[in-house]
Amino acid sequence: MGYPMASNLFKKLGPSKFWVLDHSEPVALKFKQEHGNVHVATKASKIAEECSVIVTMLPASAHVRQVYLGENGLLSKLQPNALVIDSSTIDPSTSKEVSSILEKQGATMLDAPVSGGTLGAQAGTLTFMVGAKTPESFEQSKLILEHMGKNIVYCGLPGTGQVAKICNNMILGISMVAASEAMNLGVRMGMDPKLLASVINTSSGRCWSTELYNPCPGVLPNVPSSRDYTGGFGVSLMAKDMGLAVNAANETKSTTILASVTHQIYNQVMTTPGYEKKDFSSVFKWLNNNAEKYQ
Amino acid sequence: MGYPMASNLFKKLGPSKFWVLDHSEPVALKFKQEHGNVHVATKASKIAEECSVIVTMLPASAHVRQVYLGENGLLSKLQPNALVIDSSTIDPSTSKEVSSILEKQGATMLDAPVSGGTLGAQAGTLTFMVGAKTPESFEQSKLILEHMGKNIVYCGLPGTGQVAKICNNMILGISMVAASEAMNLGVRMGMDPKLLASVINTSSGRCWSTELYNPCPGVLPNVPSSRDYTGGFGVSLMAKDMGLAVNAANETKSTTILASVTHQIYNQVMTTPGYEKKDFSSVFKWLNNNAEKYQ
Amino acid sequence: MGYPMASNLFKKLGPSKFWVLDHSEPVALKFKQEHGNVHVATKASKIAEECSVIVTMLPASAHVRQVYLGENGLLSKLQPNALVIDSSTIDPSTSKEVSSILEKQGATMLDAPVSGGTLGAQAGTLTFMVGAKTPESFEQSKLILEHMGKNIVYCGLPGTGQVAKICNNMILGISMVAASEAMNLGVRMGMDPKLLASVINTSSGRCWSTELYNPCPGVLPNVPSSRDYTGGFGVSLMAKDMGLAVNAANETKSTTILASVTHQIYNQVMTTPGYEKKDFSSVFKWLNNNAEKYQ
Amino acid sequence: MGYPMASNLFKKLGPSKFWVLDHSEPVALKFKQEHGNVHVATKASKIAEECSVIVTMLPASAHVRQVYLGENGLLSKLQPNALVIDSSTIDPSTSKEVSSILEKQGATMLDAPVSGGTLGAQAGTLTFMVGAKTPESFEQSKLILEHMGKNIVYCGLPGTGQVAKICNNMILGISMVAASEAMNLGVRMGMDPKLLASVINTSSGRCWSTELYNPCPGVLPNVPSSRDYTGGFGVSLMAKDMGLAVNAANETKSTTILASVTHQIYNQVMTTPGYEKKDFSSVFKWLNNNAEKYQ
């Protein structure tokens, strides 16, 4: 995700000073080679030293802690008044905590997780859900984020960007399993899958998963289910997001029965041989084991 | 449901011969009083004797068996070539079985369960999902159903109307719990519920339950959640529909993990003191127990 | 199950008149060949005509309805005062209904489902859980059942034998999944499985599944988990019993969240390639997918 | 728990130097008053300075981090060669991490969570599940733990004491819900609860929850269910332990479908008005809502 986002940012910001850092140095060097006029850092602290606006995109909470607060991390050399935007999807409490530590140093940190996937990152059409201490800092960040996305949504105080993201994704994760169970059941009971999808999509079962990302092969062209669940959003990434939702729920004593079960379903699917690299809609295929015997 | 449907039918069919039967005779008499020129039957067999087109709307599979196949039931006096439309939501296997028995008598029976609720029934804007042995019999039934609904959808062979209905409703039931868990979590974590709903509705968590029937009070006007969950679609009706889905799944060896858990959630909600007569979106309130302590 | 039960019964009852009937006639003929002095029936009604004491063992509710109430069924020729014992595991409401129909003919019907498996059937050590209208009829049945089992337990009115059986088996089915999840987790976190089992078995996690039928290979000798889950009680039979529990729960508005999820887990396991003929404790293996990657 | 454990320890160790520290100083002072010849500390570091053998009992991982690694924590003044035993139930990864930090300082830290409840703590009959780097350090700790418990079980390397505890408790938590669902179902279907319990306890559904802690009122005397679920092990404590199991499962990619659902059930029960201070077996009562209407 980080690469195409940085690429769009670079293209829009023109010839200004631009530093990049990737966990894998060859990736950073490739970026420099492709875009020219880019500096490559090998430590986060170097980025902090050189830049007053910083955008990060990291896989999980532990990496955010490391890059921000760890040895040679951003915090160690952070410029006062720096504007730092973290687009990682991590747990809201880590987001709030890191933001509050940076703020004590005079910097401003916003959480701005994205939706839209790698395709959205390439096209510059991502949605950013932004948590910011003040509307002013949100407006500041918007000027940056607009170069990488289309919808920049203000969600409230630091951490609420993460909250919005995980609440959205937990519904997505659940409704994909729901759509898979329903399509599988309907087909086994003799309905044509396209017809079933069209009935649902004009009725109260309609959701993003049935309309735009139907998990049953052949219903929609150009979605993962129609190319054996390749591409798309990996089942292990969805398992990670469901885990964030469940953790956040536990911290606030919110009951999440379906999110918890769904989390475990994705855990089971992703460890089933053959499913590790599949799109999350492959839960349909997983449910549809041996279908030919029962139809 | 049956009353307003019959009312619309009567208004459109004009002065033709019209018979009604209700489990509660006063209801049938009230219909006659209100509409005039209507005959009231006290046995289903009388209806079968008098009418060549029959529409039924019954609570559950057992009632359909009773009214169609039981003592003094429709079957006992059915006219050859009668057209019989059952709009009850029941399990697909009962639907198929009764249809096949009637067919042996020369009649045509279609399953045509509805979505749209009592408001849709009154307004004549119901959706009918129709299972019919032939496209011709579907077209025949459409001429009748159009007087009571707006969308008349052909779903395939007898029983597939039921299949479409329960597949749709199982997604609805699951996504309502998903929406409730997510809205509850987001609010407890400090997000404004309207803002959270608007983020979800422009992203991949979007579904009928978040957009048109949001379970969190105050997000939408004129939905049950904004009037303490009165009106709408009762939690016990949703529990019944989830049960139909789970039964159908068992018959076809289709795994329905989320539908089963959701079925039990509605079972538990509907037996919780204070929830028996609430709309099914009251699962939000049920999850939100003691929220003030944890927010 | 029926064969060894009948065999024990024949051995104890000595040279008295003895009729057998099996869905597969060669099985019945083999029984005659092996035991001699046995009559083979080809219709249930013949059994009813000839015998005043009848024991049945059938796979599911539908078969019980067929054999008792169907064409050429027991009911058609039942002797007044016949004593009929049904050892099938079926849903309690069917049991009650058939019993009450037979009673109107003057016969006495008891439900007496068993636990103990094929090994218990061969050894004559089965447990029978008996529902009977009167203590007297229970005592009568006991004289017969003692030839096939060791514990003959009176559970109450007709149907309660089934109730006891499904309540027991739903705990068994759930605790086997619980034991599998816990053993899998413990082993992945570095504990020796035998040591973990011994800690659990001397503490509050102790249950039949951890003590006598541990699902983790190598913990106990002579259980299915130590011979790649062959033999034992098939996963599809457990799925059937969980389904009976869930159905009974629905009829009485009893919430069964864990039983419902567990039912679906067994449904999923039994349709996973390679698991169809495995013992129900193979849920451990199913959970343990790709374990080598994560340990 | 800590108070009676310390009391037993003090009684057995006789007049040796004895320091205590409690989060609530009055509790520590009461201990001194009751036992005499006891020193009261106000900081963990003071304990570390004065004692070469230390036992801690804390509510959760965060408290362990604070008391061991925080400001004025044990680590700051730890004696080389100190023997430190933590009897808290916390997540295994925190246990391992803290143990490894202390070890770098030359100390030995063991995890030794307990089972047996406050009654066991008072009677000195607790079970300790011990994780220790070497068998020698386990033997050393055993000399201390024997003063407070009856069974001191060696589980393996640091962290495995926690692993054994949470694996045991997750089976306990699940089987209690299973027992509650089954007893509730059986009773609603007309079985006498004592009779049902006795059938289960001689069959394959037998578990600690049905035999020794039956959740259905009236089956056993002297258990929480027979005194409106007072005393015993609080539902929120069980929710905490289920949460530890689920977290550990996520870290090791172990699927825990039933543990996750059960975790959420206890979450929901403990936030239901009237249940916050109840024993965890009150899940029976929660399921049994409105039972009188459905029986």
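Per-chain residue numbering starts at 1, and chain names A, B, C and D are given in the order in which the chains are listed.
In this section, a residue touches a chain if its C-beta (ideal position, glycine included) is under 8 Å from a C-beta of that chain, and two chains touch if they have at least 3 such contacts.
In this text the structure is predicted, and so the values were computed from the model without any measurement.
Student: Quickly list, by label, the chains bordering both chain A and chain B.
Tutor: Expected: C, D.
Student: Give the chain pair, either B-D or A-D, that is connected by more C-beta contacts.
Tutor: Most contacts of the two pairs: A-D.
Student: Hey, how far is the Cα centre of chain A from the one of chain D, in Å?
Tutor: One centre to the other, that is 37 Å.
Student: Using the average of all C-alpha atoms in each chain as its centre, how far is it in Å between chain B and chain D?
Tutor: Whole-Å distance between the two chain centres: 49.
Student: Which chain A residues sit where two or more other chains touch them?
Tutor: 249, 253-257, 261, 265, 268, 271, 287, 293-294
Student: Going by the contact rule at the top, pick out the chain C residues touching chain D in the complex.
Tutor: 92, 115, 127, 129, 151, 153, 155-157, 159-160, 163-164, 166-172, 174-175, 177-179, 181-186, 188-192, 195-196, 198-200, 202-210, 213, 245, 248-249, 252-259, 261-262, 265, 287, 293-295
Student: For chain D, which residues are in contact with chain B within the complex?
Tutor: Contacts found on chain D: 257, 261, 268, 271-273, 276, 287, 289-290, 293-294.
Student: Touching chain D in the complex: which residues of chain A?
Tutor: Its residues touching chain D are 243, 246-247, 249-250, 253-257, 260-261, 263-265, 267-268, 270-271.
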